[in-house]
Amino acid sequence: MADTESCPTQSMLVISAHAADFVWRAGGAMALYASRGHRVTLVCLSYGERGESARLWRQGLDLEQVKRVRHDEAAAAAAKLGAELHTLDVGDYPIVETPELLDRLVGLYRGVQPSLVLTHTESDPWNTDHALTHHLAMKARIIAQAPGYDPSGEVIGAPPVFLFEPHQTEYCGFQPNVLLDITDVWETKYEAMQCMGGQQHLWEYYTDVGKRRGVQAKRNSGPNLGLVTDARAEAFMRVYPQVADELA
Amino acid sequence: MADTESCPTQSMLVISAHAADFVWRAGGAMALYASRGHRVTLVCLSYGERGESARLWRQGLDLEQVKRVRHDEAAAAAAKLGAELHTLDVGDYPIVETPELLDRLVGLYRGVQPSLVLTHTESDPWNTDHALTHHLAMKARIIAQAPGYDPSGEVIGAPPVFLFEPHQTEYCGFQPNVLLDITDVWETKYEAMQCMGGQQHLWEYYTDVGKRRGVQAKRNSGPNLGLVTDARAEAFMRVYPQVADELA
Amino acid sequence: MADTESCPTQSMLVISAHAADFVWRAGGAMALYASRGHRVTLVCLSYGERGESARLWRQGLDLEQVKRVRHDEAAAAAAKLGAELHTLDVGDYPIVETPELLDRLVGLYRGVQPSLVLTHTESDPWNTDHALTHHLAMKARIIAQAPGYDPSGEVIGAPPVFLFEPHQTEYCGFQPNVLLDITDVWETKYEAMQCMGGQQHLWEYYTDVGKRRGVQAKRNSGPNLGLVTDARAEAFMRVYPQVADELA
Amino acid sequence: MADTESCPTQSMLVISAHAADFVWRAGGAMALYASRGHRVTLVCLSYGERGESARLWRQGLDLEQVKRVRHDEAAAAAAKLGAELHTLDVGDYPIVETPELLDRLVGLYRGVQPSLVLTHTESDPWNTDHALTHHLAMKARIIAQAPGYDPSGEVIGAPPVFLFEPHQTEYCGFQPNVLLDITDVWETKYEAMQCMGGQQHLWEYYTDVGKRRGVQAKRNSGPNLGLVTDARAEAFMRVYPQVADELA
Amino acid sequence: MADTESCPTQSMLVISAHAADFVWRAGGAMALYASRGHRVTLVCLSYGERGESARLWRQGLDLEQVKRVRHDEAAAAAAKLGAELHTLDVGDYPIVETPELLDRLVGLYRGVQPSLVLTHTESDPWNTDHALTHHLAMKARIIAQAPGYDPSGEVIGAPPVFLFEPHQTEYCGFQPNVLLDITDVWETKYEAMQCMGGQQHLWEYYTDVGKRRGVQAKRNSGPNLGLVTDARAEAFMRVYPQVADELA
Amino acid sequence: MADTESCPTQSMLVISAHAADFVWRAGGAMALYASRGHRVTLVCLSYGERGESARLWRQGLDLEQVKRVRHDEAAAAAAKLGAELHTLDVGDYPIVETPELLDRLVGLYRGVQPSLVLTHTESDPWNTDHALTHHLAMKARIIAQAPGYDPSGEVIGAPPVFLFEPHQTEYCGFQPNVLLDITDVWETKYEAMQCMGGQQHLWEYYTDVGKRRGVQAKRNSGPNLGLVTDARAEAFMRVYPQVADELA
């Protein structure tokens, strides 16, 4: 099912609270899908300008300058990964739910017609923006399915939703029930991480995460899946039941 | 990945507490894999002679007679489904864990070299035999992986384990995270159910279960999976993380 | 406790997100209580006009027309079940929490003085309107107990709350800890379901649900409860501890 | 349903790990049922001679003496409560599962034909004997339902099971979903507690528990249940779904 | 670590939904910290004037009068406990989240620079104000950490958060994983409780809670912790992992 | 509380299923306590000879040879860490519960009089030996508290129990609620890991684990705890409530 000849082109929608979340948490999945010719659309609700840009504030930048730097980093990373970037710039810490924001997300769902969706976990006691983003992504998906919402438009189907690995999994209700082999696109992910200039310590941290999930993937797969010894993986949590024609 | 040309032959191992459990709970999966040319091995720990043969006892049969009828029904159903039947005849209500039983199961794992395993849920407040069977199936799988257990033999890999749908899912910790499309083999499953002569009320009950899971599968899949309107499905719960090269 | 002679008249309050939810999920309980001479009050926050009226949109109706059809169906079903209908018409997909809506619900609690409340589950990943309705029903109940809210009015007591069975129980935290025997009013429920003209497929689906819960009720009750073989039941989840003078 | 005129006589089976557990945890329920003319059968697997008789050991008694004192205390308490006492004397710390013990319990189920069962919680990190007793009580109940176990005997129905309140509820998975009003028999329970001569500190402790659960019962019931202000209650956790003909 | 000589002065921030919650639930912890020379800051979002002042309404007071009485009681109790009181007076039943309220809380975090935080549990089906207060306390803490929120101010660190014991622990997801010995300040707590003139029944109720948690503390500690026999304790639930240099 | 002057000498008991588990999972805690002059007793139920010595089997060693190598590695590592080693040599894959094994463990508890206990998690779907070891460690601790078990001996108190970090935390119910700073003894732990000659890949793996838990510890502690930037930590899960005289 992974070879691009036989599969229809897919459309991946990634909904990220802050400008850099997607790189660490889903950069491999994005690069993998882009490398197979699928469409990858990335939505960043905010730049993480207030809460996740400590280095830039320490350099004395003001709010607009911080946002600009963060925008450029996100754009560079998205380009590396092969994704089309949408920045909503709604502000962070906190991200606030508004009818307008919800409508914009519904519109993106309708336009993108995703065949799969990636976003944050339902709860994260270190980051309430992540939890709200989850909530918005789930709600917008459901509204986009409603035939009476903008009845002239085209409703979406029932794309599966996969949740990113959060920083401290055991406190976020994160059950990593899918380990995605991203060995082939690891270099691309690493280059995208390097676009985040001020967070060099995270390059190493998420390399370790990629290795650890790779070891777990290796331990949980039979010989015929053929994972290499030094595999890299990303972990995701499936929200809805998987519909399948085999037990793989 | 479902077409037999490209895939290596798989080996499915089904571990069932009583002689009939497999029919209602996994008959579709078994028929599906057999129909694709895979090997399907079925192990029944007991005949369910004491606890799940009320009709036969009411007819005045004695223990040996009950077991014989149950054996013949199980054999007929296994044949319909395309499975190789192993009956261990360890007695039921309760099934008792012994070193010998565990060894026999380890030996079956080693011989069958399964690429996937199906068995009962970890708990079932209506049926402690089911819970024990789960425990034995899990433990035997782990021992069969140990290089120092019968060192001259061949260890097994890390086959994924899928749990059957129990009678009352919400009380058994059953999260139906895989809905398997069994529409194509539904007739075969139904014929296998009919081998269970004295339980006609269950034919209808599990037909309803198959329909309901089919409706849920339809609701949770995009248009390109192409489920038919009147699909039939079986629900399973995955024990270990799925290792995958796509997010399907 | 069920015979109407000895019991005081009860007051059931049903809070439903969309116009048809109550029929499938609580129609039996409503008919049962009405048949015993109790008061049954039904509140529909919306008509489900945008999200649950696909057939009507496909027929080319506009928003007002869809709402009118849905209103009429709900009114007919409520009449069949013996319930007094209140439609709040706040819109759906999404239902939005406002101080006004909350106040209206508090006012209904104060006016109805319910002895029991029925509403949706706390979470439902397929339907965020259901989760919000749960939240509003719980919050309004608590506010209606506050002596300083409209101090001239009469506070309510502590009516137990029972949650409806959602579509996919295992994903909604739904523990069906009460199985209500609705055999005697099944025909009434079925007639109410038939008022939902465009959803004939659900008539059969929820007939199957009623049968399955009936089988489970039969399996979990001793002989003296006297359930008939082909019983019908509805499942509910109790929110608060049951206060009882026996262990039944 | 609580008045003895209209109800058939019930049969309560209480399965207690150690000789005194039943007094603190279920003495009110036992006295209540006995006072209504129901049959109450009490099974104590052990005397708690090794693990729960510190005072007696400090007095210099030997094992047989400890057991005799504990037996006499249990017998006196059971008599106060109106229960028929069976002491199995299998030893404690640890209670060990054996086929013989299981058979004795199955035999008791068959003989007593319980209409309801009370026992310990599924887990208790302070007391593994309690958890094992739960497991045995559940397993024996299931075996006693099996028509092929001693086919000449009479199988039991499906009596509901209620779990005792453990010492530290939040660590034992104890959800107190039934609060039983034991106000009318409080004095009897208190007298039974006084039979436990060496544990005077527990008389006060469990009086406080009874008051606290009484306050909670009062807070969770409407005015028509008519609990008195200084009510006493015992908390239980229901294992199986309640089958009911009303939502009370 | 508890002796004031060696420890730096700490700053405890207590965030309470209504004016009296803090007394029953955290009065001991507050008195203990104040007695050791630490700073204790108390924030009451509302006076509990509508929902938790039944006695005052029955006396015929109007809203302003109720609030004044409640203010005076809270101020007296805070003084007894050694805490600095901030009353935000945002109204109750319901407390409503607004950007202004959130900002005030962030400002308090920034000003107080807490080294530990105490607040309500994440959920409480009897009191949605408690759950909202939890949510606000958690969110404000995270925003106060953001360098870009009021960049001229001083961000806070990562103070641990401890949740109060709610009224019915088992229904609020409350795992009492810290039992704090408050024996030395029990008299102070009791005097603070007595400031709540109209709730004399709660004085006894929470004395029992203090005793019960004291018994549990005694049972879970080795001899060297040296708890006295009639210890008093308060239970808390830790939100984040404990960072420690020993396993105590 | 960590300085050895003021604290009484403690006694740590580590119960490990296989000979090497303790090194990776608790080596830091052991070295830390030994470095402070506390007593550290290590019990290895088996050598992990059948299930966790793949390399040695591949080298053609027989069972006794494998056990000898594993013994020597464990002894070397224990010596590095400052622990007294007890090897019970009961066999592995599976470890089997017997009355004798349980008695030996109770005897060790009685002799060691631990002030804290470390062992495996309650469940581990990759390793049923770990789960059984947990069960045995918990049960033996409770029996060792019983005054009537070997009444001439000295009962133990109520030492807290801390669970090791398992390989895949999210599938083992592992909530890492204590992060222990082991920076000061990291080199010792690393040297102990190096005693495990054939598992060089795990040296790196568990170095990464130590770094990641160190980062989390840093993120969850205020400035006054003074963790260094490149801290190393081990994660544990506390079984019983912490009894404390402060909220740290």
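Going in written order, the chains are labelled A, B, C, D, E and F, and every chain counts its residues from 1.
By our rule, a residue touches a chain if its C-beta (ideal position, glycine included) is under 8 Å from a C-beta of that chain, and two chains touch if they have at least 3 such contacts.
These figures come from a predicted structure and were not determined experimentally.
J.: Provide the labels of all chains in contact with chain A and in contact with chain F.
T.: Looking at chain F and chain A together, the chains touching each of them are B, E.
J.: Average the CA atoms of each chain to get its centre, and name the chain whose centre is farthest from that of chain D.
T.: That would be chain A.
J.: Select the chain at the greatest separation from chain F, using centres from the mean of Cα atoms.
T.: It is C.
J.: Using mean CA coordinates as chain centres, what's the gap between chain C and chain F in Å?
T.: 53
J.: Please compute the C-alpha centroid of chain D, do the same for chain F, then give the distance between them in whole Å.
T.: Centre-to-centre distance between chain D and chain F: 38 Å.
J.: Scan chain E for residues touching two or more other chains and write them down.
T.: 126, 168, 171, 176, 216, 219, 240-241
J.: Draw the chains as dots and join the ones that touch; what shape do you get: line, ring, star, complete or other?
T.: Its topology fits none of the listed shapes; call it other.
J.: All pairs of touching chains, please: list them by chain label.
T.: Touching chain pairs, listed by label, come out as A-B, A-C, A-E, A-F, B-C, B-D, B-F, C-D, C-E, D-E, D-F, E-F.
J.: Would you mind writing out the residues of chain A in touch with chain C in their complex?
T.: Per the stated touch rule, the residues are 99, 102, 135, 138-139, 142-143, 145-149, 151, 239-241.
J.: Applying the document's contact rule, which stretches of chain B touch chain C when the two form their complex?
T.: Touching chain C from chain B are residues 126, 167-171, 174-176, 205, 208-209, 211-212, 215-216, 219.
J.: Which of the residues in chain F end up touching chain E in this complex?
T.: Residue list for chain F touching chain E: 1-2, 8, 29, 32, 115-116, 118, 157-160, 162, 176-181, 216-217, 219-225, 227, 233, 235-236, 238, 240-248.
J.: For a test of understanding, state which residues of chain C touch chain A in their complex under the given definition.
T.: The contact residues of chain C facing chain A are 49-51, 53-54, 57-58, 63, 66, 92-94, 96, 125-128, 168, 171.
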